[in-house]
Structures are given as structure tokens and as C-alpha cells.
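For reference, chains read A, B, C and D in written order, and residue numbers begin at 1 within each chain.
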């Protein structure tokens, strides 16, 4: 990592050069909701003017640039009594501007799942390699709880990260590509004062969190509370609409389907992001559903997000952006669900003197 | 040449909806020639009663699968006029562009899918896919362009989603508009090729004088709103549509008949042309001239050519509209409105002719009374009397039964009737 | 204002680039096919019943054929181009490097389409995936194999293994139950198993017909006929969840340690690689941590049974 | 047929329409780029809207529209007798569609309003499955051609011909739309079956549920949501009733 500072005006020139010459996406204002709040999304941008640098958060995450909602995995071509399978790992270069620390953390988690595991996914890697990620810090919103999961800062997974230190940005340069581009622009070595400003900025961010979710020993609580009535309570509200998983930066469950092309001369194998909240997530041939109830499926999302996943024992997938909580029409959010579970736990400890025998 | 002949066509094919043709000739004399619509009525005018104005265009667009944009816009126009809502100019342009898309799509569908097989002597377009693939593809390219314009402007090719009271709920992105413009340029050769092909067809010579009714606003070739005019010199205000249509019931048809100064009148591409030809674009003019089409043309078969001429106009004008949207940086596409009581007519030029929706609302903006008069309804009487004249002429000329049947079918199709629409 | 200096160069991924960018790629996945399948020719199809067929496959490319190795209990993703892929246990001997055998029940759309295929046609396989039965660990002991219905399919591979290493095992019992006599799969192999492999075979059906001479009833009733030395017995139980629950708790009462009983779980799967998460049970993937689990793990997995 | 590996047969296909706008049939002519390939999957035996040929030896019948006259019932029964597979095509066929709004009024009232003094026959609107067994439903007002293509390909190839089981919200999120509930509107997306690519909400108008209920919907939770947001109940009722697709879920 190399550190530099850059004036805000110069930084904009730099971003402008990047977005003008590449297919680029950045936060843009798309709507104003009925409460008067601005709604942002990562949208195509072709000049720096279009980027809302002061955005709060995008409604949907940047996950789909790496793990598209729908994607073709391979193609079959039929000919002469036989077929050929073609797989291509092609991705066009993309510049992504304005990702938050938690968004980048989520990418690092996706890396763990999709790259640093038994079977690395080449289509994901192709996109990851061809995406130039520029991160930007921000002051947390009232419902952000990434600090609880230690994702309010990030030290890998981006090409460039900018911290706002007032007149200037403090740049963490994490790739030679970024370094080379920046050579064309006027940057300076951080002065002692810049370093102090950065520390202040970090402290400010850290101090500003209003929401805290206690995730300590959550995996074991989740295990113990597997049959908790909390799941039924929240399950009764869940609409099974999959919204939470779609907007989440780190939910990655999917479905694979194969289809003949309409001319029947070929077929494609396609992946579609799915959600464990959807009714048929665990349905098998013959119609048996391993998770028939809303509560089961909802529990499962939390189980997966917070109980950790097999290969990275104890690493939680959730980064604490609360996108799911905001998007959920039924008002289900990680903070309330987890707090509920903990209450369950504590009240049990208070009212039952001896641990009940579990069967 | 005393002969008998009886033609009884039930559920005429290659038209939208269900209509019957009946011709009876006895001893060389035409006894009966009739056009009867037997479509199942749906009672939209009853269905909209009590519905909130906001929802009405979504309902009325379902009157017709082909000209759903026209129906939505006719309702929207009626309701906006009734409740004094003025949509932002950018929204008006988007709507106008949508009308262009729908008309192009509908004309291409009619010319290539429905009418062309008659000239080619095939039962439908599918055999032509094998015998004249290039020609069919040309038609498809035009139709696709029409659909793409509709999709970009209204969200969907059939049953628009973003045409709403007060404007449009979503405008096409600049990127999309640029793509459309490129597509128009790319498809021009297809239109020229189609034109060249139609020039090789022999259009039946048949003339029966009638009155042509359309909208006219003096500025643009008509699509949305304007005065109601006829080639017999009638001019009326949009709200006076009833005096323009004079709907009446006949006992052999579920679709009503209309009349103005004569026994029957006609609406549609030819009527628009006859009333507004000077407002057509340059290339459209040239094409009309090359077919010898000039106002007032009384050959119903020339409606096909008038449609082709309008396609040329749409190519020219759509590009101009797209330019103006590209230049316009205003975000304003939808005006908020307060529901209120009122009453007004919205008239638009659907692909098949002038379409009226008349709406009356109460204080909550709910519809209390609605009336829809559809172009095909206005053409029914004309089709009916054309059939009589055409059959009589054909009998006199000694045409065979098969020839008479074919001519009769062709003349009905040339009106591009939209029957389910007329029985709404 | 186009300035090529700021255009990000595209990095295409070929196999080498992919391998080099993931340090452990070679160790883990070099021999595995993930997105692309191994093309196989269907060399033979045997109709076992009207619901089950045995497919014999041969990997077309000789080099790929050499590479493809699996352990008893593992499964593969079988793909019929245009229709989709399904997880199927490998039902042949792990020592058989020429052919693979898959015993497939017609259950849904992909399997139905497979039933319409004929010898000579090509399918693709990916894998092998998943955990396997610890055959080496079992050596020196008695083995109890319990199969219900289609559960015999994943048991064939360990059966072959036992036969090839018969001297390493003491008593080997196979308890096999089905609904009706006609639904007993591989009955043509029963004699071979009994006489050549010296396996004590006990069959039972729920509904007997006139010719049926063996036992009738639920599979647990077969335990009356055999004596089990709990201290020196390993068990492999495959069949519907209700069955292995019954059998395993019975064996548990007999005193067989839970970590010496093995079951094979079934869940919906779309990838086989621990990515799609469809097969997750608790925080465990059936596809990479399973499908073979010892009963202790299964007991500890929420929602496993 | 064409595919070199598998042998397929063209569908012996017929299309029929009843009370409706024929917009669904029109979709057959849309998606022009794949139209040739699409029609080469079909052996069209009867299709009045595009061809004058008429043969009664079809295997699969696509039936569009709802039923509102006795002659329609007879025609429908005859189609059922012939067709091995009968497909309810479009929202009108599947649920009755917008036409069902007529059922709020008496038939006499309808006739008096539109055909005063004429002996016009009209029955309350019914969906196709009220009269005959339906083998497959393709909902949509109009049907989404992309989905129709997929289903026809599936029917020809014998692969999976199913509809998504999840609600429209999934597809709406794929389009990165702002949720209409956040814009103060009631949207039926959370309870409506996906498959339309959320075309309405992407055009920023609420889903009216033309594709009918998704599998296993949580209707009470949906009503609660509408209540919590303080949205207009009569608006909700108007939306739920628009296509008659939520008959099974009465509100209030």
C-alpha cells in the first residue's frame, strides 16, 4: 500500500479521466422517497459531474457487478450427433466509484467463498480482476452497524481508497494500476498533519455509530436457539420476497438452470441469484420441501449470515450495512432479530435455574 | 349470366376479432351483402364505473391488444381534460412518440401479416417465410422498430405501463433514445424495400364515394387531440364527438354502426391522409405521389397504401421527436393532480382511425360515466356498404364465387378492422 | 475526450491465467472440472425397473479418463445438455477406470430426459464431489451395510471395494429392503455378492408376492436374524431419512458408536461445489462436507433429519 | 426436428380466443428477431388471427380469453375434447382478467347500459378452468413473449415448463428499481408470481398482480404491511380486484 494525498479538485479530474474512458458506475440519485429521503443506486456514469459523492448509501449493493443477478455459465452447441461445450471467462473492464468500506469487505467475503475455496469460480475471478474499485469512506448512517462486525474499515480488496480529510482526500493506493494512473495527476506525500487528520477522521467515523449489534458468540446462540419462538414470530411477518438477499452485498446463493436456445441448435447453462427465503429453495424432486415454513427459511438466512460458513469457521458473512433491513417491507432487520434472539437467551438464563435437558 | 351464389364467411381470418361476411346472389341479382360483428361484448363502459381515474388507462388499454397505447392515451386525455390537468411538455412528446411506435407496429402487422398473404395468394404469413423470407423479414424489421419505440416510451409493446395521468411515470433514458435513433436510421432501407415491393402489387380498382373523418390540429399530422373534421367539410370540437359519430344499433351485429353526412363514413389511415396530407413529411409525400395517392381518394383498398405512406411519415417524425427529447434536460415528466369532478372527451388517432373516450368523474376522481367509440365501429357501416357495392360490381363483371369471396375478404381486411376493440 | 492512458486494459482469463492467480489452484482443482464437464459416451443402459435404470458411461477423452478418480460414496454432477444437471452417486467400483455406472431413478425433468437417452449419446459429468466412506478406517472390522430402496445405489461402490479387499474385513452383512420384490435392484448380482464376495445378504420387502421366499416387513426386522458385535462393527446406512433414523437409533442402542455409522444425505443441489448453498444443512454443505456423514455429525446438524 | 442430438417433434398447435382483447395472441407475432425460429417449433393447425387455414387435428391448444357466452362454453368443450394439452393463455384465461370487473354489476344493467333494447347474451365472466381441465397456465396481461418462448421450447424438448414460484419483488430488485412502497404506493409485487421481469414496477407503476399469486404467499403479512404504511384500503381493493387474480385471498 502506498499513501498519498490529493486535492479534491484534482481528485475529480482524476475520476473524470477514469469514467470518461471506461465503462464506469457510481452512486447516482435515482429517486426521492415518500419520506423525502434520497435514494441512490450504482448507475452508469460518463462524467464526474454525474457522481453523487455525498451519497448516503445505495439501495442495492455492488455485488451484481461481480455476481450478476443472471449470468450464462456455459453454452452448448449441437452438431453432427454430438455437442461441444464452450465456457468463456470474459469480462469487460469496469470502474466502480464510491464503494463504502463495508461494500468492499463484502467483496472480500465473496472472494473467500468463490475464490479461496475448494473450487474457485473463474467467471467471478474474471470480473473481479477486470473491475477497478475505488472506495470512499463516509460517516455512518443511524442504522449502519458495520462496526459491530469490524467492517467499518477495510484494508484490502480495492484498487484505491479515499478518506475525506477536509480539503483533500487521503489515498490508500493498493494496486499498481491505480498508482500508474495517479502519476498523471498531482498528488503529494502525506504530511504529518495529513496523517493526524486521517486519524481524526477515523476516530470520528468510529465514534459516530449509533447502532450496535452484539454479535459475540452469535454462532453458538444461533445453535442453541435453533427452535426459538423468535423465528416463528419474525417468520410470520416475512413475505418470502427475497428482497433482502437481492440487495445484500454478500448473499450469494444461486440456482442453475439449463435451456435450449429457441432454434434448438444450442443450449445455455445459466445461473440466477436466489434467496433462501424463497419458497422452493430447498424443494427436491417429488415435491418434498426441506424448509416448508417461513420461519425456517428466515432462520436459515440468519444462520448462514451469522453462524458462519463451513470453510471459514466463525466468519460471519453479514457486513452490517443494513441494506436488507431498509429494503424489507415487513420490517425485519438484523438488529432486531439478533437482539430478540439474545433476549431469548438471557431471559432463559434468568427464569430457568437449571439448564433444561435438550433432546 | 343469371347465376346464384352464396357466400357465408364465419369468423373472418387474419383480422383481430370475430366478424362474418354474408353475400347472397340469386338469378344474377345481389339479394344480400352484409358485414356482421359477432364478437363477444365485454362492457368496458360498465367496468370502469366507480374506478379511480388513476387506474382507468390501465383498464381501457385492455380494450385492444393492438392499439392499447391509443386507448390508454384517449382515456388519459379525456380524464386530464375533465380534471384540468396539464401534463409537462416532455411527457407530451414521449406520448406522441409512443403513438408513432404503436402506429408503425400496427401498420407493419397489418401490411405484412394480414394483408400481404391476400396479394401473394397464401393462407397466411408462415408459407411466405419460406417463399419470400427477405420480404417477411423486412416487415418484421419495421414491426420490431415500432415495438421498440413503444417499449422505450411506455415500458411494454402491448398494454403500456408508464402512461399515467399527469404525464408519464418514466421517460426513456438518453441512452435508449440514442439507440432508437440509430435503429430508425438502420431500418430505413427496409422501409424502402417494402415500398418498392408494394409498388409491384396490383391494388384492385374500386371506388365508392364516402365521407372521411379524422382529427386535425393544423400543425402536425394528427395523433393526439384536435378538431374533428370530415372530407365533406364538417368541423367540430373534440367534445362534440357524439354529433360526429351518431352511433346506432343494428340487429345483426354486436358492434354498433355510425354515420355523419352520408349513409356511412370512414376513418383510418386513408381518412387521415385525405384530411391532412399536406402535413406529411417530405418522403411520405413522395411515396404517396409515386402510388398516385392523392386526396380525396375513395378506393378503400388504397388504405393499405395510406398506411405505408404513414410509415414513412413516422420514420421522419419519430426522429425529430427523439432529437427534441435528447435536447430536453428537464426532469419534469409528471404533474401531480387533485382528483375532481368533470367531464370531457379525449380523441386520438389510433392506427385504424379516430378513437373517442368520453369520461365523467365525481369529486373523488372516480369515473361515473364512460363512453368509448372505436374506429372500427365507425367503419362498420362503410364496410357494410362497400361490400354491397363491391359484390354487385363483381357479379356484374361475371367474377367467380371464389373471386368474389376473395375480393370481399380483401376489402374488409383493407380497413384493418379491429373487431374485439369495436365490441368493448 | 478519449485518452487511452486511462482506459483499463482488459485481462482475459484463460486456464493458465486462472491457475496462476489462485495460488492453490493447482493443488485443488487442476484435475477437477467445475464449469466445463467431462464428456462421456453412454455405453450401455440397463432397465432395472420401470423407475430405475443403470447407465454405463465412458469418459471420451483418454487423458481425462486417466485423471478421473473417485472414492466410494462420492457423487458427480451429471449433465444432459439442454436439460440440466443432477447430483448422482457413483455406483460402480472405484477401481474401474474404464467405465462409470450410475443408477438413476426417474424423479423429475432431468432424470426423465435421461431416461429417453440411448447408448451412443453424450452426456457431461463434473466431479467427483463430496466426502466418501472411510473404507481404510473400516478395515479389520465387521461391516454392516443397510440399504433401503434406491439407497443401494451409493452402496455398490463400497460393496465393490469390500469385494476387492475382502480379506481386510470380517463379517460383512448387507441388509436390503424394498417395497416390493420387483423393486429390488441388482437382484442379478445377488448370487455374485453372496458366493464370490462372501457377503451375507438379507432381503426384505414390505409387500410380498407369491414367489417371495425371504422376509416380509420393515428393514429393522432383519436385525432379528443377525448378531452384531457392536465393538467391532462399522455401519453404512443409505435410504430415505425415516429409515436411517430408525436404523441408526437402533444401532445406537446396540452400542455401535455414532462415529462408526455412516449415512449419505440428500438435499437439493445446483453446483456440487459448496457455492449455491441449496444443499446447506445447518452450516454444513451436503456437497462438500457430505454427502457421507458419520451419524454423530448428522445428529449435531440442525435440521438434518 | 432440427436438433442434431435429440429428436423432437413440432407441436401440433392451435390457438383460440374467447372474450378478450387478443393482446396475448398478438404476442406470438412479437420478438421479431426470434420469430422464425419460434414458428419452426410449431405445426400451426389453426390460428385464425394469422392464417386462413383451419385443421382440427391439433394436440396442443392455447386458449386465450375468458368465457362470457354459452356458445363459448361449447367451443371450449370441443377444444378440450381434441387437445391433449390445453394451455390457459393469458390472465383472462387463467383468472378471468379485467373482464371480471363486469361481474360487480348485474348482466341486465350491463346490457341496458350498452345495448339498450337489444337481446344481447352475456354471462358473468368465468375463467377457463371453471369449465375444463387446464394442463398448463401461462398468466400475464399480456403474456410475456420471452416466457412463452421458453415454455414452448420446453414443451417441444420435454424439459421443465414451469413458472417462477417466487414473487415479482425478486425481479424488481434485479432491475434496481426503487420500491413503490417507499414512494408511497401499494404494489402487489410481494404477492404476485414473477416471470414478467417486473415490467410494471420498472416503468414505475405498481404491479396489479396480472400473473396471480406466487406460491405460498404470506397474505396476512401483506395486509399488515399495507395497514402499517397507512395506505388507502380502497386502493388496495381496487388493485387486488383488477384482474380477479386474488379471488382466493379476500381482503377484509
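Keep in mind that, in the parts below, contacts are C-beta pairs under 8 Å (C-beta built on N, C-alpha and C of every residue); 3 or more make two chains touch, one makes a residue touch a chain.
Everything numeric in this text was worked out from a predicted model, so none of it was measured.
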Can you figure out the chain closest to the middle, judged by Cα centres? D
Chain pair, C-D or A-C, that carries the greater number of C-beta contacts: A-C
Need the CA-centroid distance for the pair chain C / chain D, whole Å please. 43
Mind checking the centre-to-centre distance between chain A and chain C? Centres are C-alpha means, answer in whole Å. 35
Using the average of all C-alpha atoms in each chain as its centre, how far is it in Å between chain B and chain D? 25
Would you mind pulling out the distance in Å between where the CA atoms of chain B average out and where those of chain C do? 64
Please list all residues of chain A that touch 2 or more other chains. 78, 81-83, 257-260
Can you tell me which residues of chain C touch two or more of the remaining chains? 81-84, 122
Got the chain D residues that touch at least 2 other chains? 5, 157, 159-160
Kindly provide every pair of chains that touch. A-C, A-D, B-D, C-D
For a test of understanding, state which residues of chain D touch chain A in their complex under the given definition. 1-5, 8, 34, 37-38, 40-41, 149-150, 153, 156-157, 159-160, 165-167, 169-170, 173-174, 176, 178-179, 181-184, 189-191, 214-218, 220-222, 224-225, 228
Going by the contact rule set out above, which residues of chain A touch chain D in the complex? 30-31, 33-35, 39, 41-43, 59-60, 64, 69-70, 78-83, 236-243, 246-247, 257-260, 262-265, 275, 278-280, 294, 327, 329-331
Which of the residues in chain C come into contact with chain A in the complex? 1-14, 18, 21-22, 24-25, 28-29, 32, 34-37, 39, 79, 81-85, 107-108, 111, 120, 122, 124, 266-268, 270-271, 273-278, 280, 282-285, 288-289, 302-303
Across the complex, what residues on chain B touch chain D? 11, 13-17, 40-43, 45-47, 49-52, 55, 58-59, 62-66, 68, 109, 113-114, 117, 123-126, 129, 133, 140-141, 143-144, 147, 154-162, 164, 169-170, 249, 251, 254, 420-421
Enumerate the contact residues on chain C facing chain D in the complex. 81-84, 109, 112-113, 116, 121-122
